[in-house]
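Labels run A, B, C and D following the written order; every chain starts at residue 1.
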Amino acid sequence: MQLSENKERPASAWRNRLHEIVFESETLSGRIFDLLIIWLILLSLLVVTLESVREIREDYGRALFYTEWFFTILFSIEYLLRLMAVRKPLRYALGFYGLVDLLAILPTYISLLVPGTQYLLSIRILRLLRIFRILKLSEYISEGKIITSALVASRRKISVFLVSILAIVTIVGATMYVIEGEENGFTSIPTSIYWAIVTLTTVGYGDLSPKTGLGKTLASIVMILGYAIIAVPTGIVTAELTRKAKQLSTQVCPECHAHDHDADAVFCKFCSSKL
Amino acid sequence: MQLSENKERPASAWRNRLHEIVFESETLSGRIFDLLIIWLILLSLLVVTLESVREIREDYGRALFYTEWFFTILFSIEYLLRLMAVRKPLRYALGFYGLVDLLAILPTYISLLVPGTQYLLSIRILRLLRIFRILKLSEYISEGKIITSALVASRRKISVFLVSILAIVTIVGATMYVIEGEENGFTSIPTSIYWAIVTLTTVGYGDLSPKTGLGKTLASIVMILGYAIIAVPTGIVTAELTRKAKQLSTQVCPECHAHDHDADAVFCKFCSSKL
Amino acid sequence: MQLSENKERPASAWRNRLHEIVFESETLSGRIFDLLIIWLILLSLLVVTLESVREIREDYGRALFYTEWFFTILFSIEYLLRLMAVRKPLRYALGFYGLVDLLAILPTYISLLVPGTQYLLSIRILRLLRIFRILKLSEYISEGKIITSALVASRRKISVFLVSILAIVTIVGATMYVIEGEENGFTSIPTSIYWAIVTLTTVGYGDLSPKTGLGKTLASIVMILGYAIIAVPTGIVTAELTRKAKQLSTQVCPECHAHDHDADAVFCKFCSSKL
Amino acid sequence: MQLSENKERPASAWRNRLHEIVFESETLSGRIFDLLIIWLILLSLLVVTLESVREIREDYGRALFYTEWFFTILFSIEYLLRLMAVRKPLRYALGFYGLVDLLAILPTYISLLVPGTQYLLSIRILRLLRIFRILKLSEYISEGKIITSALVASRRKISVFLVSILAIVTIVGATMYVIEGEENGFTSIPTSIYWAIVTLTTVGYGDLSPKTGLGKTLASIVMILGYAIIAVPTGIVTAELTRKAKQLSTQVCPECHAHDHDADAVFCKFCSSKL
């Protein structure tokens, strides 16, 4: 379409105004628009949730159906407005928020063809991530960034950990399939791997549990293993968060070479020379 | 009433004496009063608990009923005494301990209208929080304060974490509702969200568990996710407690009155004067 | 008896010799005696365990019964030897190991009066704690001491935490009893408190689980609470262990006041002066 | 055979070439060989997994059977090639990868005698550990080494912890056997120990759960214990990882060759010379 051909359109007055309203929350109208959208999202989530309850659906199904379409059309219009408000619509459309905005309306349209998919509308909750930005909860955003960056910094350690987990559950699952067999509910290797995950993560539904002595012994080992190795991701994230908390200052005193000064220190705490 | 109109009543001798007895534990009579109340609370909790056991209720129901009223009337008198003993009764009544003291007697009265509510009397256990104060367990209080302050200091990180958990269980719950459907027990989105919480927190009752292959796969991902992200709150609290353990110094600079110096600081980090 | 009257008996040659054999493992005979006892303990544990399995008991019950008495008589003789080998028998008899040694033989004798108690003989496993001492596993002992001292150092924080847990489960249990009621399995407040503990600790047997919407909501809150507050004991112990690891040296350089020197440092790492 | 008699064979051109292909991935042919093997392993795992699903086995059993033999023969040839490619075949055959390579083909041959053992082929997943080496994922390897070395460094603490766990579950298991007895499902001490492990590790299947009041009380204590002592392994690993994160410096003193200097050290802590 024209939108994709003409990515760098000159800023025009109406687009700037539209951008202010739908994307920003500095102006009064922008703030009202944002709060309105937040409430619409919450209401639409409530409608989808209510519709899934059989008793409510049987009584108010028609009303909920129309409300849902009402919300979807509103959000579709909002989506088009957002596309028009930015100078590079494609970049918006393919970005995280753009995709979430699209996925938040698609299921209703698809449900015309495949009934039931409208329940996937609950992805709309992700749109609430904007709530942090809009309500100027900058302190929360920075806290979220600390957590995220700690996770990102330890992503390799976590990957190694997850791959090890996968290898363990595959071997344990296959071994349990051989030990317990189909007569005890371990009907296939995938099912046994599912059991191994349920056990290693200490969830323990109990829909499947070992019956033979050998199976119980192996299960016991897996449980103690799962109980102990939870220490690994915890240790990884904690060490990273502790390190981050310390990295506030890397200043070293020019006089006495002492380190470990606080981020707000002006003078060396050991020899009183200026930092 | 008069109480609220006349909040700042002049201290009178009998009120001071009453205050010493019911609120403080410096004097012998105050100490005896406090220990008496503690034992009454524990006994009344025992009575409520025993009454809930069917066999005991059938045999001793009448006796337990009267004992309960006996305790409630005693605690009502104590509540009135406390109201009279303070100069600002409203401030006490609306404070934490005042509300707990009130909630600890209300259920018995309400049970006259709505049978069964008397079991809510177990809120009386919160009154035992005073045990720490009364028994001069100051070291325990300060330890409790360290934990509390670590939780308060990381409240924003914990909020971000909880909001993320809620978003995850909503999306996972709705998706499982679509995948498993009502025939496998996932009868509505709220029920599916409940299942997602049971799984993510690794509780795993097993009253609901996925039956389809796709459902088991999604469940496995949620379990491993729940197993791994428990590292996040743990890391947050640990990093905070570790930081606190280092911040033991309560020195204040004699020159510039700055505080927050490290335990090993020799000079003020802000104005370089000797600490 | 004579033993208690005459606590401070003069050391005699045969007692010293006996002490060397039954209490120490420096000499060859002492070492052989200790290893023999370890193997007897392990064998007797095996016998008790085997006897509890119905199929084995039905086939070999008589043989196992005699074997058990054989072990008990051997351990009784050993207990008497230990009593004779020390100069202050009462101090040994009332100490930790003395009580364990006694409890490790009593159940067999009691089982003559109360059948079934012989299974409590598994307390014999505690006698294996000596294995560390005997096998000169000094490094393991010191590691154990680090863990123990970290737990002891944080005992007050852990007490505060446990008391909070008990208060939470009592209130939640009573509330669930009111919400769910006896028709959903929550037959009494003690049962509901048991359910609350099962849920808060994320064990989740599933023998009891909420059926009503309100009950599931409260259960969800308890689960997320239990999932999050496990961070507290973890944080407490980790902070303590980290602190211990750092406390290797508290040296401060006499020249530049720098701290954070390793335990093995001879010169200041910042200004090269002798520590 | 000849292989073991002649361990140190002179390097020949063809062996070097073969070694480059099957063991290394510097050359193009070596890289192609490695990637081919990785895909064959993944495919063979898929075949074994599919074969375990009854519906698929009934429809495609014969095809899967032949495919499995095809993979096993391929891997057998690869194993022989590896034996031929190294100068010391016995050292390879008895090393970790050599044993895994052998165990990855043996089950198919054994399944001729003992049907069902072919599912143990899932040990082939361990062969994928080479994926890290081959794909030059050196950063992942070093991260894996940090985790592994942290676990190795705390192996004694972890052993002490595991032994304590075993002692606890043995005593608790035997006590529960006496309390609950066979009529409540605690049919033997091994079964009760299995229950104790399920409970202490907070897995909680629910296939076995206490029925009596005393049993529920003991179970509650075990749960809270299990909930609290998970802090111990977590604390151990975290303290170790935190310590490792600080030990980043690999400086060696130019004078006295001492290592283990802190990252911020300016002078050698042993001989005071400049680093």
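Definition applied: a residue touches a chain if its C-beta (ideal position, glycine included) is under 8 Å from a C-beta of that chain, and two chains touch if they have at least 3 such contacts.
None of the values given here were measured: they were computed from a predicted structure.
Visitor: Which chain has its C-alpha centroid at the greatest distance from the C-alpha centroid of chain B?
Guide: Following the centroid criterion, the farthest chain would be D.
Visitor: A-D versus C-D: which has more C-beta pairs touching?
Guide: Pair with the higher count of C-beta contacts: C-D.
Visitor: Which one, B-C, B-D or A-C, has the same contacts as A-B for more than half of its contact pairs?
Guide: Matching pair: B-C.
Visitor: Which integer distance in Å separates the CA centroid of chain A from that of chain D?
Guide: 30
Visitor: Taking each chain's centre as the mean of its CA atoms, how far is chain A from chain C in angstrom?
Guide: Centre-to-centre distance between chain A and chain C: 41 Å.
Visitor: Would you mind pulling out the distance in Å between where the CA atoms of chain C average out and where those of chain D do?
Guide: About 30 Å, centre to centre.
Visitor: Would you please write down the residue numbers of chain A that are in contact with two or more other chains?
Guide: Answer for chain A, listing residues that touch two or more other chains: 161, 190, 202-206, 226, 230, 234, 236, 238, 242, 257, 259-260, 270-271.
Visitor: Spell out the part of chain D that touches chain B in their complex, as residue ranges.
Guide: Per the touch definition, chain D meets chain B at residues 202-206, 234, 238.
Visitor: What residues on chain D touch chain A, complex-wise?
Guide: Its residues touching chain A are 45, 48-49, 52-54, 116-117, 119-123, 125-126, 128-129, 139-140, 143-144, 146-147, 150-151, 158, 161-162, 165, 190-191, 193-194, 197-198, 200-207, 226, 230, 233-234, 236-238, 240-242, 244-245, 264, 266.
Visitor: Taking the touch rule as given, give the residues of chain D at its contact with chain C in the complex, in rising order.
Guide: Chain D residues touching chain C: 156-157, 159-161, 167, 170-171, 173-175, 177-178, 181-182, 187-190, 199, 202-206, 209, 213, 216, 219-220, 223-224, 226-228, 230-232, 234-236, 238-239, 242-243, 260-262, 264-274.
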